[in-house]
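Read from first to last, the chains carry the letters A, B, C, D and E; within each, the first residue is number 1.
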Amino acid sequence: MTVIRKLVSQRSAALAFAVVAGLVLLAVAAPLITWIAGSSPTAFHGDAVDPGLGGLPRGAAGGISARHWLGVEPVNGRDVLARVVYGAQVSLLIAVLATVLSVLLGTALGLVAGFFGGWVDTVIGRTMDLLLSFPSLIFMIALISAAPGTDRRLLLVVVLGFFGWPYVGRIVRGQAMVLARGEFVAAARVLGASRRALLVREVLPNLTGPVLVVATMSIPGYIATEAGLSFLGVGVQAPTPSWGQMIATAVPWYASDPAYFLIPGVFLFVTVLAFNVLGDAVRDALDPRSQRR
Amino acid sequence: MTLLTVRDLAVEFRSGVRAVDGLDLDLDTGRVLGVVGESGSGKSVTSLAVLGLLRDAQVSGEIRFDGQELTALDRRALRRLRGNRIAMIFQDPLSCLNPYYSVAFQIAEAYRAHHRAGRKQAHRVAVRMLDRVGIPEPERRARCYPHEFSGGMRQRVMIAMALCLEPDLLIADEPTTALDVTVQAQILQLLRELREEAGTAIMLITHDMGVVAGLADQVVVMHQGRAVERGPVRDVFHRPQEPYTRGLLACVPRIDGPLPDRLPTLGAIT
Amino acid sequence: TGGGGGAAGANAVAVKGGTLHVLSTLDLEHLDPARNYVTSSEDVSRLIYRTLTTFAAAPGQAGGKVVPDLATDTGRPSDGAKTWTFTLKPGAKFEDGRPITSRDVKYGVERTFAAELPEGPPYARMWLAGGESYKGPYKDPAGLASIEAPDDSTVVFHLNRPVADFGSAVSLPMFAPVPQDKDTGVTYDSRPFSSGPYKIDSFDPKKRLTLVRNTNWDPATDTVRKGLPDKVVIDLGLDTAVVDQRLIAGQGEDANAVAMEPIGPASVGRVLTDPQLKSRLVTGDSINTRYLSINTRHKPLDDVRVRQAIAYALDKDALRTTRGGPIAGDLATSLLPPSLGYQTEDPYPSKDGRGDPDRAKALLAEAGHASDLTLTLDAPASAAGKAQAEAVQASLGRAGISVKINEISSSAFYSTVGNTSQEHDLVIAGWSPDWPGASTYLPIVFDGRLITSQGNNDYAQYDSPAVEAQIDKIAAIGDPAAAQAAYGQLAQQIMQDAPVVPFLWDKAPILVGGNVAGAYGHVAYVGRLDLVSLGLRK
Amino acid sequence: MILYLLRRLAVTAAILLVICAATFAIFYLMPADPAQGACGKACSPERITEIRTTLGLNHSPLSQFGDYLTGIVSGRTYGTGEHAVNCPFPCLGFSFQTNQPVWQMLTSRLPASFSIAVGAAVLWLAVGVAAGVVSALRCGSLWDRAAMTAALGGVSLPIYFTALVLQYLLVVQLDLLPYPQVEPLTTDPVGWAQSMVMPWITLAMLYAGIYARVTRGEMLESLGQNYVRTARAKGLPEITVVRRHALRPALMPIVTIFGMDLGALLGGALITESVFGLPGVGKLAADAISSADQPVILGVTLFAASFVVLANLLVDLVYAVLDPRVRAVG
Amino acid sequence: MDEDDQRDERAADRSPLLEVRNLVKRFPVRHGLTQRLAGHVAAVDGVSLTVGPGETLGLVGESGCGKSTVAKLITRLERPTSGSIHFAARDLAGLNETALRPLRRDLQMVFQDPFSSLNPRHTVRQILAGAYRYQGLEPDQPAEELLARVGLEAGHADRHPHEFSGGQAQRIGIARALALRPKLVVCDEPVSALDVSVQAQILNLLRDLQDEYGLSYLFIAHDLGAVRQISTRIAVMYLGSVVETADRDTLFAQPAHPYTHALLSAVPLPDPDLEASRERIVLHGDLPSPLDPPSGCRFRTRCLKADELCAAERPQLRTIALGQQVACHYPERTP
């Protein structure tokens, strides 16, 4: 709890926290927002675009109007606001779930590797090295495009989580290794603690800090990677919106309809930035050593 | 002749900690001043304050070295004084030596910072100093890196580095705390010899009353940033005036003399 | 915009020399004549090798006319169009100066039978007598007896059935001559031996093809190709936006450049609103029809009412907008485009082609599928493919049909949907006849007897005995005009069953650089520029 | 040391083998049939069988994998007879879509990737490390805060976003640069540089941010070390203290991440190359994936992984040279 | 050795609580980048010890001589390479963790670093409860009572370790060790990390607890003063082996091993006059590397008396006086 107090006492962190909270709210309240704005993320509005000009939105700045607060998509005239808020839902959910998955895997395996050492460590450590040396982006794309028919969102979570766990695992392993040599673990062993008790009761609670930090730090990474994969054409499938996919479809339009490109881009940037600031702040708050502000 | 005079020294950190609070010290040329006190009493901060090495801290009071007011010196002048006229050795010799450079390089570096000397010449000085502090095979060992030395050897290297410029004052901050007794005895012996040979004044910071007793002429007992008692070693050890000093002397279990059933302690449980 | 294929810089004079740049977003899939069966590759290969006949180098419908190329005429049929004789022009040479002989033509056609060289058109295998069992010259060096080369300049084809437009068929690259000693098998693809005005200097697939003048090409023997630039550089695999923007900016070398493909929807607005740019836009008609194919073998799509409901529901205008709006072509109302000279009335009309969801719902209700109808649409995983798929999704959604999109990698798209077990309910497809006319269209796409488990073209898996009988009947008609009229009726007959919903007759709006002359869209190359006529002004 | 090197190389080879096997396995899970891709539009069932035979797809996965590995070390031939396709050593597969050995495609793409990676690396190292050092020295100052905010911004910007905004500004709006194209350095140095500027900046913005932050952290760490205090106590000039005693140790972890980053980039900057349409290894991968050209995907994956793994090895060796603690015993 | 035990005045009538014989522990040592196996360190190289009921055996020696390893072997935090550890009539050396668990109640440990031996995430109450929990027992006394025993207040029970001073934290560590009412407590340098004044408090506390509960201690330290203060018998270690054991007073008055002698003379005395007059034996050189120990007598490289015999033959511990054993060919004191 002191962590949160420390966080809020920093202006930048408080701001980042507010942005993140706002985004989560935006994502959760997406149906409400679209209901208020009277739009839907999938409905076409052929009248809002000009087919004679290749489907460019009618009106200035990407068709921003009272009906479409953030304008419409070219060609099909879908409401950008609705897509942005629903996209937030998808992007955040994927990132959070991928984080959960990678943290679970990474913590469990890193803990076991660091604590037991020996061949267990060798096997897990080598696996992590292996995964880390994978050209993961290429691999993710190949993997995702190789598995048609499945729910892309689920697939993204699994793939991101799978390629992400070694980053968590490496940190946890290092920490667990130090902790396992700690005298309090020796003390518990002298008291007769079983290995499971040592892992779960003694070592694990001490990992919450570092795990919290990597988790916070990896969320922006996943948001960006999900967006990047969508950008490369293997993201969330239509008509479900995600920010990366919006940017990807906007790419050809960046010169003729910059607003369409900029709006999801700015949302993505701000989100990733906010999470990064927050991650930094969490790390500083948990690490008494660092006076790095 | 007084070499170092500290008057009303106060150090306050940005965090609000007042580590030193109105400290006075005097050290004569060629003498050894023992500064003792418990952990956190401000010994190290005092020594760093003398060298102007404190960061994030407000230093007030007078520090007069050989007639010069150090607090008034600009950075360049202070830098020229460091190493050259006032040298320092620290508690943990491993972390105080840069792991990336050979010990000879680090000694020569100190020499070259104050003398116009070529690499070769500085290296020769370094080897000579290593020899002088009792490192066997100095030629070969000069090219070694700190991690290849034992704790005692590293402290010898630190001493060699401190003494290569023949300073007037050596500040030794717990030079033997990290060492074993037999090695400590070696280092103390070395300091004794050096003091006799070179006449270097030493400010010896330690929490070990025995070390002070064996080396110092004068002693200052520090407690919570102040000097609670000062005087010639004999007086302070045999006739401590302050209860704190008395407690400090009594609570250390000794290897000689009568064996008390319970050790006297200083104050309440902390 | 309108028909006829506007020709930018038509009255400007192109001079000989210079380097022409072509900017392409695609790759040249195959340059080997045996495998070359994609319009853009065909267009490019016309610079490199010659065929017995070829299309006239002319804008508009005139370009659909087949004219002699290596041959002296468009072929002399005999034996009720079962035997076709061609005489080679004297003086035509390969890039090394050797004369082109009938044996080279015979060998070139024989190569197309080799399994190592797949993907080419099926006509030789279908029509040449004994073609079913011939395995190509690598396995069977004796050659195919039904191709005769009695002397150096005569080649005779013996067919297993009468083929009235065989003279058009030999315009395909597969009828290009290949000298046997220059055949490098599979690797011939990257360096075919030149008989046209240019030869390959270097080819880096997906990157760049550089063509330089073939000094042994004699313009006197060639009435079609102009061969003006000294060098043609084709950049491949560029981004659509980049091609558009480079040509819009038109600076430096890009003034000497043309686009290979139509401008992207995102650039339409900018080009059309700028008169200077608009003047550099060449719009070519094509004979391509795009349609939504409905798998008639899947339930409940076997019910014609459901298919008709889809035909009513489809918002053709939205689909066209994904391709750039009106400039991308006219809304299709029937199977055969007006550019082939057909009447076009829509059996499933709607206002402005926006679809009629109410009619659709009514039909669905009648068929008992008012709700809960979920269909899967196969779409290529390209930007355009996705945009079209979403448009289909949205417009059928209005009629209560929910559509799931199944993205398929572009390169595997046709082979996947051509696999009857892998194909889903709906496919966005289209057909461009191999030469103007319906004979390489309706009989191939809608003849249920041709459905194969793999490599299928009848994505609707439409199999109507009545239609098949009609196809056989038309095949026997000798008079081209009568055949054309009969195909028109056939098209209408097919439309009643709604196996496909045509939505667009393509046009190709293509940007050309300011210094390029002689640019026009060629109807046989889906409206894209006829590369053989291009030249630089200075 | 030689023994160690051999062992490391063996481990490296083993890792690559596993990566290779994993990638290979994925393609067996893939419903798309490589033969179907090569067969194309007008594909008859008989043809597909013949193609499968030529490609060896009728063998068991394991023996195909064996063939693949054999190909890498000794080259291989697809099909039989006079017109069989020869894929010389090192045969990372053969693309029947482009009719080129994958190795040839990779090597023809390498110069572009190399130019992008090395140029960007120089830029980000210069900017990132310098900014990080200054920030650490002026920790808490206005400059520090500004630089770190910028760095965080750089880290948070999606690459393709930066890339396109750059292109919009520099090319479309200001007309300062042409659209990136591939000009070989040797024939057209100016054109080469012009086309590289944007990829460099794009990548450098991201990595300079990362490096500035890491450098700052490491510098603060090393500035707090006792040996820095010793150096000051010796009376060394501050510049020497910083350069020799603080920066040098701080650079060690940077060497590690630099090696890894550069290794990964040499294996292709997927997004950057795709956005700017530069024909590097990354673009090759993207194209191969979109056209399901499996031999190429497999080859690129392996190729890119070898860079990472080799970079790993190299970093360790560099460490051994730079860090006497690692060097001495061994 | 049985005879020696019989001669031991305290343990004469009872069998020893802990009897360690020829304990050996080797660690593989890997080096550098290559992680090459450089050899084995014999951290403990044939140590024999006994601790009787109610007795405190002090174990002194310089850094790296293997004191902590002995402690870890006895508490079975490490598995011995060879040798036996008889405790409560069982040999701990070969037992597995499950078999050890009940025995652990009687054999507890206090660690050097008071903070790192307490789990920073647990409250004091949780830490103390762990003692029972890990044994599968219900706590028989509340945390407050345990705290009171070591001189802490009940209010401290719900705090986290970092809220305590070093001395207080060490008291918590002691309370934890005592929760199960063990017979023997191994204390591995329990006071070295503490300030002098706090050191005295902890030493007094240990003494009080011993009197109260009849505990035995194996008290490890490098500080001879502290060892003298608390021990009844003292063993001196050098490079993995015990070179001398003696009653406390004998050891300080008449050290028999040259190393013990040098060690005692190296301890600075807090008395300027004594310091000035005292005869100093300054050993030359460093402790040899345990990776590559000298042949014969381990101490010979630094010993003034060493000769060929010392290089050739490793001296065994032998009794030279009542309660005094020494491993030296030329002890200062002969029987």
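Just so it is clear, contacts are C-beta pairs under 8 Å (C-beta built on N, C-alpha and C of every residue); 3 or more make two chains touch, one makes a residue touch a chain.
From a predicted model like this one, the values you see are computed outputs, not experimental measurements.
Visitor: Quick one: how many steps at least from chain A to chain C, stepping chain to touching chain?
Guide: The distance in steps between these two chains is 1.
Visitor: Taking all protein C-alpha atoms shown, work out their mean, then name the chain whose own C-alpha mean is nearest to it.
Guide: D
Visitor: From the C-alpha centres, identify the chain that is farthest from chain D.
Guide: E
Visitor: Averaging over Cα atoms per chain, report the distance between chain A and chain D in Å.
Guide: Their C-alpha centroids are separated by 23 Å.
Visitor: Distance from the CA centroid of chain A to that of chain E, rounded to the nearest Å?
Guide: One centre to the other, that is 52 Å.
Visitor: Would you mind pulling out the distance in Å between where the CA atoms of chain B average out and where those of chain E do?
Guide: Those two chain centres are 32 Å apart.
Visitor: So which bits of chain A are touching at least two other chains?
Guide: Residues 145, 148, 233, 251, 254-255 of chain A each touch two or more of the other chains.
Visitor: Listing for chain C: what residues touch at least two other chains?
Guide: 239, 245, 381, 409 - these are the residues of chain C that touch more than one other chain.
Visitor: Pull out every residue in chain B that's touching 2 or more other chains.
Guide: As it turns out, chain B has no residue touching two or more other chains.
Visitor: Mind listing the chain D positions that touch chain C in their complex?
Guide: Residues in contact with chain C: 31-33, 36-48, 50-51, 54, 79, 81-85, 96-100, 105, 108, 171-172, 175, 178-179, 181-182, 277, 279, 283-284, 287, 289-293.
Visitor: Once bound in the complex, which stretches of chain C touch chain A?
Guide: That would be residues 239-241, 245, 264-270, 272-273, 315, 317-318, 320-322, 324-327, 354, 381, 383, 386-387, 389-391, 393-395, 397, 405-409 of chain C.
Visitor: Applying the document's contact rule, which stretches of chain E touch chain B when the two form their complex?
Guide: Where chain E meets chain B, its residues are 62-63, 151-152, 165, 167-168, 171, 195-201, 203-204, 207, 222-226, 228-229, 252, 262-276, 280, 282-284, 286-287.
Visitor: Quick one: which bits of chain D touch chain A in the complex? Just the residue numbers, please.
Guide: For chain D paired with chain A, touching residues are 15, 18-19, 23, 26-27, 29-32, 139-140, 145, 152-153, 155-161, 164-165, 167-168, 172, 216-217, 220, 264, 267-268, 270-271, 274-275, 285-286, 289-290, 292, 297, 300-301, 304-305, 308-309, 312.
Visitor: Which residues of chain B touch chain D in their complex?
Guide: 48, 51, 53, 75, 79-84, 87-88, 90, 92, 95-102, 109-110, 113-114, 145, 147-148, 158, 161
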